[in-house]
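Lettered A, B, C and D in written order, each chain numbered from 1.
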Amino acid sequence: MSSDWQPRIVGFACRWCTYAGADLAGTSRLEYPATVRLVRVPCSGRVNPSFVLRAFQRGADGVLVAGCHPGDCHYTSGNLFTRRRFSLVKRFLEYLGLEPERLRVEWISAAEGQRFAQVIREMTDDLCRLGPNRKMREEP
Amino acid sequence: MSANPLVPEVATIIDIVEETPDVRTFVLEPDAGPVFAYRPGQCAMVSVFGVGEAMISITSTWSPERPLELSVKRVGRVTAALHEAEPGHKVGVRGPYGNSFPVEEWEGKNLLFVGGGIGLAPLRALINYCLERRQSYSRVDIVYGARSPRDLCFKREIFERWPKVPGVAVHLTVDAADAQWQGAVALVPHFLERLAPSPSGTVAVTCGPPIMIRYTLATLEKLGFADEQIVTTLELKMQCGVGKCGRCNIGPRYVCLDGPVFTRAQLKELPQEY
Amino acid sequence: MSDIQARLREIARRLLTEGHVRVFIGFGPGFEANRPVPFFAADPDAADRLLLDEFCAAGLARYVLEEVREGPVGLVARGCDGLGLERLLADHRVAREQLYVVGVSCRGVVDPDRACAAAGEEVRAARVNGETVTLITPTAERSFPRSACLLDKCLRCQDPTPRIADVLLGEAIPPGERDLAHVDAVERMPSDERYRFWARQFERCLRCLACRQVCPACNCVSCSLDRPEWLERGTGLAEQFMFHFTRAYHVAGRCVACGECERACPAGIPLGLLNDKFMKDLRDLFGVAAPHRPGDVEPLGKFCPDDPEGWHEGGEGT
Amino acid sequence: MRFLPATALPRWLERLRGDGATVWAPVDEDGVVVLRPWEGQPIASRYVNPLNSLKDVLLPRTETILEFEGRPTDLAVREPAPPQSQVVFGTRPCDAAAMELNDRVFLEGTFVDEGFRRRRETTTVLTVACTVAGPHCFCRAVGGSPTAPRGSDLVLHPVENGYLPEAPTSRGEKALRAASDLVEDVEHPDPREAGRTVAMPLAERIALDGLAARLRDHFEHPCWDAISRRCHSCGLCTFVCPTCYCFAVFDSLRVTRGRRQRGWDSCQFKDFLLMAGGHNPRPTRKHRVRQRFLHKLCYFPEAYGEYQCVGCGRCVAGCPVGLHLPAVVDELGEVLG
């Protein structure tokens, strides 16, 4: 692996919070690596676990699923379903052999631009250490 | 051309004719070399790269310099993707597949064509083939129906070209008329029964949706047509078109090789599973 | 068992004679004596061909889906069949009044291949006792441990007796705890080894869909696994992972642990290890029974305000 | 007679691999014996038949037909490189015979299946004859034998501590030349004879004589309702069968690049014949089960003069509800007399 290798992270971001938080990180000129491609979703509850696996299949080195803090869901309870669902899915993907650092689930509000930048920095560091993901990935 | 029969030639869509709201005729020219030679009734496997392949009956009659024409109704994934295509787009095409109408055997006879909806597509190739050899055949009757006037395909031919040919009669009907429609309003089998063509020295060729075919066959029988005088085409799901994929078989016969053209007598020999 | 078999025939005959059911589903003689097959008794006389012995392996619940279309159905049900029926009832795929359930307790089904290997010759009959199984061959009658004779699915069974029987033949056996220890063994592998383990399993997958077709929880009218936008038809390793992830996740919290998927798999893929992983985490994180009892709200169809965040406590030896 | 010591086997296969061929051999994977590309791992010896048959090698589960790249108006299509040569060790006589049945389908007729032909012509089949039959085996009932050379390039007859090789084809002889220094000369009676005495109880129980002709007139027989009733419409029987060959053609697309592949399909899947307009000529289990067995027992014999079954027993071992070919032949025999 060359030293300038950068991981590719696919981030599923709730439009009501994390997506705005990422905007805030940008407008606040916070520095974080350009490793994440955000997919805007109406709610973290919209994230079908297949999306996560598909991202890994098609070349993501890490996946972030991020939404509103529990209790703050625009649709009252979408993220509470997410919490249950991804508690299981994350453990299950690890059970299939995925490294824990490759999938993160985070609550990041619209005001938490700092938090967003920090999560991306942490993930990028973790993934740089792990290197490119080959697991569950399709042949190019 | 590839040695692998599953590999298509790349062709360019040079024109698209809107026949009805859901039927378009695609005019194709292979990028390398002339169009393969084909006979009326044969089919081609057309593909939209990235979507898939579909077996489509060829609507044009072959001559070395004529492009290939395929009339396609929008029904599934591949045909929908074709309908999204524009002139200049590349598609795959391979063929020709299947048997064809035994036009030589019919020389000197009266021809009765009975079509419904998109079922006129394979008949169009056959009709134009026979009309190009007008002197070889006797009286020609074309009975054609669609759900409504706007669903009638090949309007220039059914309204203008074919009726002008001597000894050719075009009989049109629709299931439901609109304000402008002056013609018959009837289902094809009923309309045919009223026209009561004579079976004497006549071959009847019918093509259309399965339900229309079923009732048309009954009508023809009532009119005195023997099973050997009735010809139809079958449509079955196909993947390879070359008799390998095990998809389109009816009993021991493969529609892609032994069909799509069958006489009613031949169909009666097959398991009723199509 | 023969006494129970006689009573089963009698009940089936009565139900068919009186027109309470249109068909009675049970087991009948198979091509090989120690492999009975699902049997559909449609008239009173056919009821006399019903049999019930230690070799009746197939799950019967799934047949109900198709058979109730034509009228009420009777069937014999072990614990696993009963849970399968509860699944179909909870999913509103069948109505309780369409079913007449003759319950029997089951102490485990003998795998004829495994038993033959243990006994060294063809096994004609068997008796499943507490911790041992007696195998009767043309030359001998000997006892072996359960694990040497029974189907894998039966070794981890927690429900010998169905809960929804209209009539129960024989004694009820109280339900036990499902043994999920086999999941721990996989969890303890380092993640790369675990990945290689599953890759090896999934590479064998023929995608014949037997696991789905026999599953009482896979009762959807149309399935995403048939749709190319969700699962491409290629059989590369990535798509195999997608297939197995999707199948297991779609029955997470709904799987009744009948073990039919694993029994049906021709490639020997330990599908139970996948289903049971979800079951274990549902139990450990959210206190869901293993398996979840159909009828209550599905564990993934609800939440508690104070649910834990399971991703912080994977606790695995990676 | 030539004799190849068992201990020389890995060295021989290593040499065949050294010639650039992919060598397949049966290996034990978590208790399941599977044909796998061999890279020196222990070769399984105790198995009746591997999970996958020669079909996996010659008609792979998925095979690329073409690759394409570009935009709709400017598109390049290319065919994949031809397959590498292959050597398959450890296949059984039934599976080797199955490929001759598939030859009829893929190599005869108006069109030749190029994908199959290329693999077939570059594959050497090293069969290991059977000294015992498994409980599910019935090759003898369909004209085979535990030691038959049909479809094999080389048959290795197992004897104590090694094999007696027999090379029905020049391709097999060539493969054996790579072991010329490992082979010894021994005195031994004709090993093919051993095949006659192998006990095969299941084969004794089914009678196929004249069945094809009797089935022709019983397409609508009510027995198909009863026979098919326990079928779950999975594709297990067709996928494990070495003679079933149905395939589907499908595309995949990644932004501007894609490929067209073909892959196994099963006539038992409910959507096998579902057409875009919604018409399905075989909508029920009865239609599909009947199609499978009539194809094997009636249509194929009509076209090629033999049953489309080699008695490998995989459907017997695999079907979760005992709906396999011997059972169906038995049930048909009962109702058709």
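We adopt the following convention: a contact is a pair of C-beta atoms (placed from the backbone, for glycine too) under 8 Å apart; a residue touches a chain by one contact, two chains touch by 3 or more.
Quick caveat: nothing in here was measured; it's all calculated off a predicted structure.
Between subunit B and subunit C the centroid-to-centroid distance comes to 51 Å (mean Cα coordinates, whole Å). With centres taken as mean Cα positions, subunit D sits 45 Å from subunit A. Put simply, the C-alpha centre of subunit B and that of subunit D have 39 angstrom between them. Averaging Cα coordinates per chain places subunit A and subunit C 37 Å apart. Counting partner chains per residue, subunit C shows two or more touched chains at residues 236. Among the residues of subunit B, none is in touch with two or more other chains.
Among all residues of subunit A, none touch two or more other chains. Taken as a graph of touching chains, this assembly is arranged as a line, each chain contacting the next along an open chain of partners. Contacting chain pairs in the structure are A-C, B-D, C-D. Of all the residues in subunit D, the ones that touch subunit C in their complex are 29-32, 34, 51-52, 61-62, 135, 205, 226, 229-230, 232-236, 238-240, 248, 250, 252, 261, 263-264, 266, 269, 271, 285, 314, 317-318, 320-324, 326-327, 330.
Subunit D meets subunit B in the complex at residues 65-66, 68, 70, 72-75, 77, 79, 105-106, 109-115, 219, 245-253, 258, 260, 262, 265, 267, 272-277, 279, 281-282, 287, 291, 294-295, 298-299, 302-303. By the touch criterion stated above, subunit B contacts subunit D in their complex at residues 2-8, 10, 47, 49-54, 75-79, 85-86, 88-90, 92, 210, 235-237, 239-240, 242-247, 249-252, 257, 271, 273-274. Those residues of subunit A whose C-beta lies close enough to touch subunit C in the complex are 49-50, 53-54, 57, 70-71, 77, 80-81, 83-100, 103-105, 135-139.
Of all residues in subunit C, only 30-32, 35-40, 57-58, 62-63, 66, 113, 116, 122, 200-201, 204, 206-210, 212-214, 226, 228, 232-236, 260, 263-264, 266-268, 270 touch subunit D in the complex they form.
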